[in-house]
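In the two complexes below, chain A is the common chain; its partner is chain B in one and chain C in the other.
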Partner chain A sequence: MRYAILLMGAPYSHQASHSALRFAHAVLARGHHLEAVFFYHDGVYNAARLAAPPQDEPHLVDAWMAIASEHRVALQVCIAAALRRGLLDEREAARHGKDGVSVEPPFELTGLGQLIDLGTRCDRLITFGP
Partner chain B sequence: MLLHVVNRSPATSRVYQQALSGMSSEDRLLLIEDGVQGALPQLVRYYAEVEGRLFALKEDLESRGLLGRCDASVQVVDVDGFVELTEEAERTVSWY
Partner chain C sequence: MQESPDDSDLLVILRHGPHGSSWLREGLDAALVAAAFGRCVSLLFMGEGVTALMPEQQVGPLGQKGTAATLEMLEMYDIETLLVDEQGLSDLGLSRDDLMLEVECVSSEVLASFLSEHRLVLTF
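Take a look at the complex of A and B:
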């Protein structure tokens, strides 16, 4: 089956990110295709390039990037939720005249249309809220 | 048949009422995160109307030291079982 995950909880504030990550691994282990993880609301902080948690704690940003590279999972970040929280990729940083970039590939800033698309295209869409 | 997922304890949040009111007679309910507290004998009464269709996530019970303390009417599933429940359900609805 084709799965997608919608993640709306901030990392390290709520369990949502850990729950979603654990679920993602289980989906892949059962032989399903995980099409994408869509980060929305405070969930966009999962894409923060500069996140530097203590070394003895799970590194959520790195964990998502590992899933993306090992299983070709798209990491889609709601652009409207990201920009207002200071999460900008190179293009948006340039557009808004900001120094520095806080989102980098494989995370991609996309619109809500992508979420609708996942909802219609995938067999299952599972939401993890705060 | 839909799978409903609740991540709040009935002792601290009333979102379980919304979940229950949104459930049909065949739907299933999975308790995750702090929601697993609802599987304890002291709190399971809130879910009396979905007896036999109530599940709790093993990993979240374990991380809270609650594994083995669930009411006998609750079916404990691990994360693999969570995925299986989503396979069997037409759609999954999360309440938080």
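Take a look at the complex of A and C:
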């Protein structure tokens, strides 16, 4: 089956990100295809390049990046939700005159249209939120 | 009642009021984008979410955008199926006449069937 995940919980604040990550691993372990993870609402903080959790806690940002590189899962971040919360890739940082970059590939800033498209194209779109 | 939904139909469930969090606004944004992409969108206001339909939800003291203007645009986006959880409404001592838009009040049993009829459901 073709799966997609919608994640709306901030990392470490809520269980949502941890559950979504476990679900993603389970989907892939069962041989299904995970098309993309779409980050919306506070879920966009999962794309924060500068996240530095304590070493004895799971590193969620790195875990998403590992899934993306090992299984070619797209990591799509709602651009409107991200910009509001200070999550900018190189292009947006330049456009808004900011010094730092807080989002880097494989995370990509994209529109909500991508979420709707995933919902239509995939067999299942599973939501995780607080 | 609407016709039976097809695969492109989307049900957006709104469970939060207009103030205190961005859930309602971000849920409505998703609904509007889906409608702009040609999906047939129905909205279901549940629980505290029914307060979104109270008239004149404008900018509050915190400077969050009001949602009334967005709700007024729904018709322009062809979002015409507006469902309200009957129980949520009566729990708050409200009736359909208190709301700013024409809505269809539905019982818990009917809600369940709406959920199972839609292939794609987004909950905010």
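Everything below uses one rule, namely that the second predicted complex is superposed on the first by the 130 of 130 C-alpha atoms of A that agree within 3 Å, B and C clash if a C-alpha of one lies under 4 Å from a C-alpha of the other, contacts with A are read in each partner's own complex, and residues count from 1 in each chain.
Methods note: a contact is a pair of C-beta atoms (placed from the backbone, for glycine too) under 8 Å apart; a residue touches a chain by one contact, two chains touch by 3 or more.
Here the structure is a predicted model, which is why all the values come from computation and not from measurement.
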| item | value |
| --- | --- |
| Chain B versus chain C as contact partner of A:G129, first or second or both or neither | both |
| First, second, both or neither for A:A29, with chain B first and chain C second | first |
| Which superposed partner A:Q15 touches (first chain B, second chain C, both, neither) | first |
| Touching partner for A:H59 - first (chain B), second (chain C), both, neither | neither |
| First (chain B), second (chain C), both or neither touched by A:L112 | second |
| Which superposed partner A:A81 touches (first chain B, second chain C, both, neither) | second |
| Set intersection of chain A contacts, chain C complex versus chain B complex | 125, 127, 129 |
| Interface residues, chain A side, partner chain B - complex | 1, 3, 15-16, 19, 22-23, 25-27, 29-30, 32, 124-130 |
| Residue ranges of chain A in contact with chain C within the complex | 6, 8, 40-41, 80-81, 111-113, 115-117, 119-120, 125, 127, 129 |
| Chain A-facing residues of chain C, complex | 7-8, 10, 22-23, 26, 29-30, 33-34, 36-37, 39, 120, 122-124 |
| Chain A contact footprint on chain B (complex, rising order) | 5, 7, 32-34, 59-60, 79-80, 82-84, 86-87, 91-96 |
